[in-house]
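First the structure, which I've put down as structure tokens, then a few questions once you've had a look.
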Amino acid sequence: MELALVVHLLVVITIYGILAISLNLVVGATGLFNLGHAAFYGIGAYTSALLVKAGVPWLLAVLASMAMAGFVAFIIGIPTLRLVGDYLAVVTMGLGEITRAVFKNWISLTRGPMGLPGIPHASILGIEFDTADKYLILGIICLLITFVVAERILYSPFGRVLKGIREDEAAVQALGKNTYRYKMAVLVVGSAMAGLAGSLFAHYITFIDPSSFVMWLTFFIFLIIVLGGLGNNLGAVVVTVVFVALREGLRFVGLPLWLNPAALQQLIFGILLIIATIFVPRGLIPERKVVYE
Amino acid sequence: MEIFVQLLINGVIAGGTYALAAVGYSMVYGALKFINFAHGSIAMVGAYIAFVLVTMADVPLVPAFLGSMLLTAGLGVMVERVAYRPLRRAPKLASLTTAIAVSFVLDAAVMIIMGADIRTFSLTGMRSYQIGPIYITPVQGAIILTSLVFMVGLYGLLTRTKLGKAIRAVADGISLAEVSGIDTNLIISAVFAIGSALAAASGALIGMDTNLQPTMGFIITVKAFAAVVLGGLGNVWGAVVGAFLIGIVENTGVWFIPPVWKDSIAYGILILALFLRPSGIFGKKEEAQVTVL
Amino acid sequence: MSAANASDRTILEVHQLVAGYGKSEVLHGVSLEVAAGEIVTMVGANGAGKSTLLRSIFGLTDIHGGVIKFKGTVITGLPPHAITAHGLALVPQERNVFPSLTVRENLEMGGFTVDRATLEERIERVFERFPRLRERQRQKAGTLSGGERQMLAIGRGLMTSPELLMLDEPSLGLAPKIVEAVFEQIRLIREGGTTVFLVEQNARRALAIADRAYVLELGRIRHQGSGQELLNDPEVQRAYLGG
Amino acid sequence: MKHRALALWIALLVVGALAVSFITPAPLAAEEPQVYKVGFISHLTGDAAVYGQSLKMGTELAVDVINEAGGINGVPVEVIYEDDRLSAADAQTAFLKLVETDKVPVILGSASSTISLSLCPKAQEKKVVQVSQVSTAPALKDCGPYFFSVMASDTAQGPEWVKVAEYLGVKEAAVMYINNDYGIGVKDTFVQAFEAAGGKLLIVQPFELGGKDFRTEVLKVKGTNPPVVFIVDHVAEASIVFKQAAELGLKTQWVTDVSIVSPEVPQLAGKEAVEGIMGLRAGSSQTPEYQAFREAFLKKFGKEPTIWADFAYDAMMLVAKAIEKGGYTADGIQKALFEVAETYVGPSGAKKFDEYGISQGSYEWVVVKDGEWVLYEKAPSATETPSATETAQ
């Protein structure tokens, strides 16, 4: 494989890696069944792209996009976090689709389905990340920061409460913890991280449109964190690498033209997924045991 | 007013197709407590089987319809054996992962075999009839009739027969059913067979009313999922009510709000309903389980 | 009925059972015997593994080692419904009725493997035993009171006419008066010829009714003997009978 | 559990290694390539696969024709088909794969204007020629010198519709459009031109891509009793709209955009539902080029040419001619494309490029008769024409 393609895929991996870690906090660690994650990613992408196009420096724009994604998560969290399990899943899925409908139909702001072209590359203090190589450095830095922050959260007393909520919310409530606040906090933080990923995406591809933020993306990230081992950030990153490499690597397998190679790639990917899940239903790196107080 | 009656009928037609898909979805949820995201893809396969029987094997419409239900029932049983049964005791998210993977596989397989072309049953003589102020085609009449017949049939099955009672028993408590001497694996196979057959009916009717595409399953999955959750998870009759509600709200709502927000309306109503009743219309509090783990 | 001649008519034999959930092991080598016609109780603190033991006998856990025999046949590793077919019945501790099924349907499910005529006859017998259930036969089990629910659970367990009925904490959460009635029923069931294996936290009552008893502690058998012996054992008294 | 995880890791490594082994024997760039590789990017899976797969068929047919005639100066052509999954990120992966690994100097695609727009900055940056078959968004003209489109821009269709309206003598009309880049583009140009010409719009009704139930939308249009409805849509949704409009008793003169003029539509919607519908065809079905193309397509695939297959065919043909003339380099192809297009006439019509590399198409008016799109016979004098509905019957 040529280096430029490898670099590109690595950039994609850093972006998806951040998404996987952020969703892992919400779903893996806390057990909040969030199917609307792609929406926060999209909010980050649009916020950042529009601000930078309006002349705001990228560094400020990315902070704003994280704040915006976090803020929307907060608003969405108010009514939804009372719901549990699959009810939360369907509501977050619905809100994700409504958000996408806003991207699509607020044409004066987002240009709707036409998409936003010509987004400038990210730059910090005059250093412009205008090639994939440079962007990879930026992506890795952001991924590392996200990773460290997520690990800090998971292995702090706060993180133990999150896992407690996942295992048995009533028990945590019985200990006098306001679980609603904890859930809100993790949703906001996770969504802000998704906003960061969105900003990175927008300024890398330099073009965004609503079709980049579909529910399938959330599903895709879901598959990653399940196979990585719920609540395990290292697993999430490793599986992101494996997934992207496998999904795009299948392009290089010489499949016969008459067999519809693109569909066959999807078929093979699906079968490999089933086999992998059956082999390691708890993920490649099962969660480390947590000692409860 | 006249137009409103027509909108209502349109909603009932849409609701009928959703309901057929939703009851199977709900039954599977009842038995295994996980969301079978492959359900819509199974409905799609059912639609294609009916299509192949009618247009390529020259089977008359009604036998083809029933044949597709039968064959799809077999497919459902097979999917459960291969992709879900090995994960019975794994975290629920593992089953969710394989369900998504199964839908990848089914969509891709149909695309490889049948091509990406849009297909149609080319039913001749399908003119619409005007009854008072409303217009309705034979297929649409069949949709309403079929969904009613199958709902009544399903009601009889679940309340009057030993199999039906066992299905409800398994949904109430799978280990208790086991120790009562019920071969739960057999019952779960039966659930998948019935659910998939009804999904096939839904897919085939949608296909006859409009057209077929290998990706048509996703929207069925989403609508049925919403219907099931709105009705209360695991409650079959709740799913039916939820399905008709969504169909009617979508169709009447578009009259007042631009149709680009059609899906958003459906989700909005869903979110509002769950805000008022966090466990669905007919759901019980204790059944609002967490699928994640 | 004394412990001495029990082994001649042993119907249930558990030998060095090691079991648990997934990788975590709850039972670390439990052995016990139940003879035909006995009431055998198992007492122990919360978390000792009592329910796990019953569930393991019924094939609902992951068994890592040991053998379970019923009437000489090895039943280890069989699926639960096959174990039921051998003549065992389990009344679990919680979720022991199907809440959305009616009382009558619950009993029908209890006798899932029984033919129609026998089924009607047995339902009738359960109704004779628990007249309250007859009154409420069309009501959903989820709407029953705690005591009625427990009666239904036991009735459901009796539908297969088991040779060995295993009860998991039948007195849990019931009013004292109803507890009394439940234990009375257990005695009657044994008198009707069914062997009973009873797991209880209410050790005083359970030991009083038992022919023989075991004490389970952290997945291991600590004490065993006749019900009376254990009632008088100072160590058992201190630990389980509140001094 | 541990050894299972290990087994999976090993399995994944093996698969990875296999994938790499397919890649490594990339031949060093020889002086004279054994085969001219051309890249192709479109949506080959997912909701819009029907369009990508159709373009793929048209391209395959062109490749057959070229190679059967001995290739380009004796060197055969090979097209490498990549899926963009209708996602900008995946499209870039596909692009980089084609450019970096397969070293193609020219890429065909994508079908969607948004994906083409997302690709074009990269194509300019990497100096790779991008020839889109059917992307028509007006914004594409700003892409740069390496971008070409063999279909006329959306901006041309709106004014053509106004001509139809004038010919039909209608002052009031309804518009239905699909809510995507293409639908909005055509709708906007028409609304502007029609209102400037003094026309009045009764309703401008959008509907969603991927839907299967447009009954309410149709009823809303029906409520305004429009004499003419202009509709811009794609095959999948349009055929449902026509079918449901007929079912709901909407009697009007439909006029469609170019996307709907495809043999699939009468077939999918049912003959009765589409009888008498007028439409714009990009290029012409009457030309000998189109007839020859249709026959070849029928022979190869056993069915009528699918939507846009003729444009995909022409795009590939033009690229082949450009390679022949300008050589197998991006700059050579880029320059030669302008020249070869001057005179080229294919099944989708003449393809002469303007300064932005966009073809200037012409439109043919067509109408559905007995389930087939046929040339619309204009009356000798527009003022005396009977209403279009009568003409159609």
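We call the chains A, B, C and D, going by the order they appear; numbering starts again at 1 in every chain.
Just so we're on the same page, contacts are C-beta pairs under 8 Å (C-beta built on N, C-alpha and C of every residue); 3 or more make two chains touch, one makes a residue touch a chain.
As the structure is a computational prediction, the values presented were derived from the model and not from experiment.
Listing every chain that touches subunit A and subunit B alike gives D. Setting subunit B aside while every other chain stays in place, the touching chains sort into these groups: A, D | C. Using mean Cα coordinates as chain centres, the one most removed from subunit C is D. Nearest to the global CA centroid, when each chain is reduced to the mean of its CA atoms, is chain B.
Taking the mean of the C-alpha atoms as each chain's centre, subunit B and subunit D sit 34 Å apart. Note on chain placement: the centre of subunit C and the centre of subunit D lie 72 Å apart, centres being C-alpha means. A straight line joining the Cα centres of subunit B and subunit C is 41 Å long. Centres computed as Cα averages put subunit A at a distance of 33 Å from subunit D.
The set of subunit B residues touching two or more other chains comprises 107-108, 111, 115, 258, 260, 263.
Touching two or more other chains at once are residues 1, 44-45, 49, 53, 179 of subunit D. Shared contact sites, meaning residues of subunit A that touch two or more other chains, fall at 104-105, 260, 263, 266, 282.
If each chain is drawn as a node and touching chains are joined, the picture fits none of the line, ring, star or complete shapes.
The chain pairs satisfying the stated touch condition come to A-B, A-D, B-C, B-D. Interface residues of subunit A facing subunit D in the complex, by the touch rule stated above, are 1-5, 8-9, 12, 104-105, 107, 112-115, 117-118, 201, 205-209, 211-212, 242, 245-246, 248-254, 257, 260-263, 265-266, 272, 276, 279-280, 282, 284-286.
For subunit B in complex with subunit A, the touching residues are 29, 35, 37, 82-83, 86-87, 90-91, 93-94, 96-98, 100-105, 107-109, 111-112, 115, 222, 225-226, 229-230, 233, 258, 260-261, 263-264, 266-268, 270-271, 274-275, 278-280, 288-293.
Looking at the complex, you find that subunit C touches subunit B at residues 22, 55, 58, 60, 79-81, 83-85, 89-90, 92, 95-101, 105, 108-113, 156, 159-160.
Interface residues of subunit B facing subunit D in the complex, by the touch rule stated above, are 3, 6-7, 10, 13-14, 107-108, 111, 115-118, 120, 122-123, 126-128, 130, 135-137, 140, 206, 209-211, 213-216, 219, 250-252, 254-255, 258-260, 262-263. Of all residues in subunit A, those touching subunit B in their complex are 27, 31-33, 79-80, 82-87, 89-91, 93-95, 97-98, 101, 104-105, 166-167, 215, 219, 222-223, 226-227, 230, 259-260, 263-264, 266-267, 269-271, 273-274, 277-278, 281-282.
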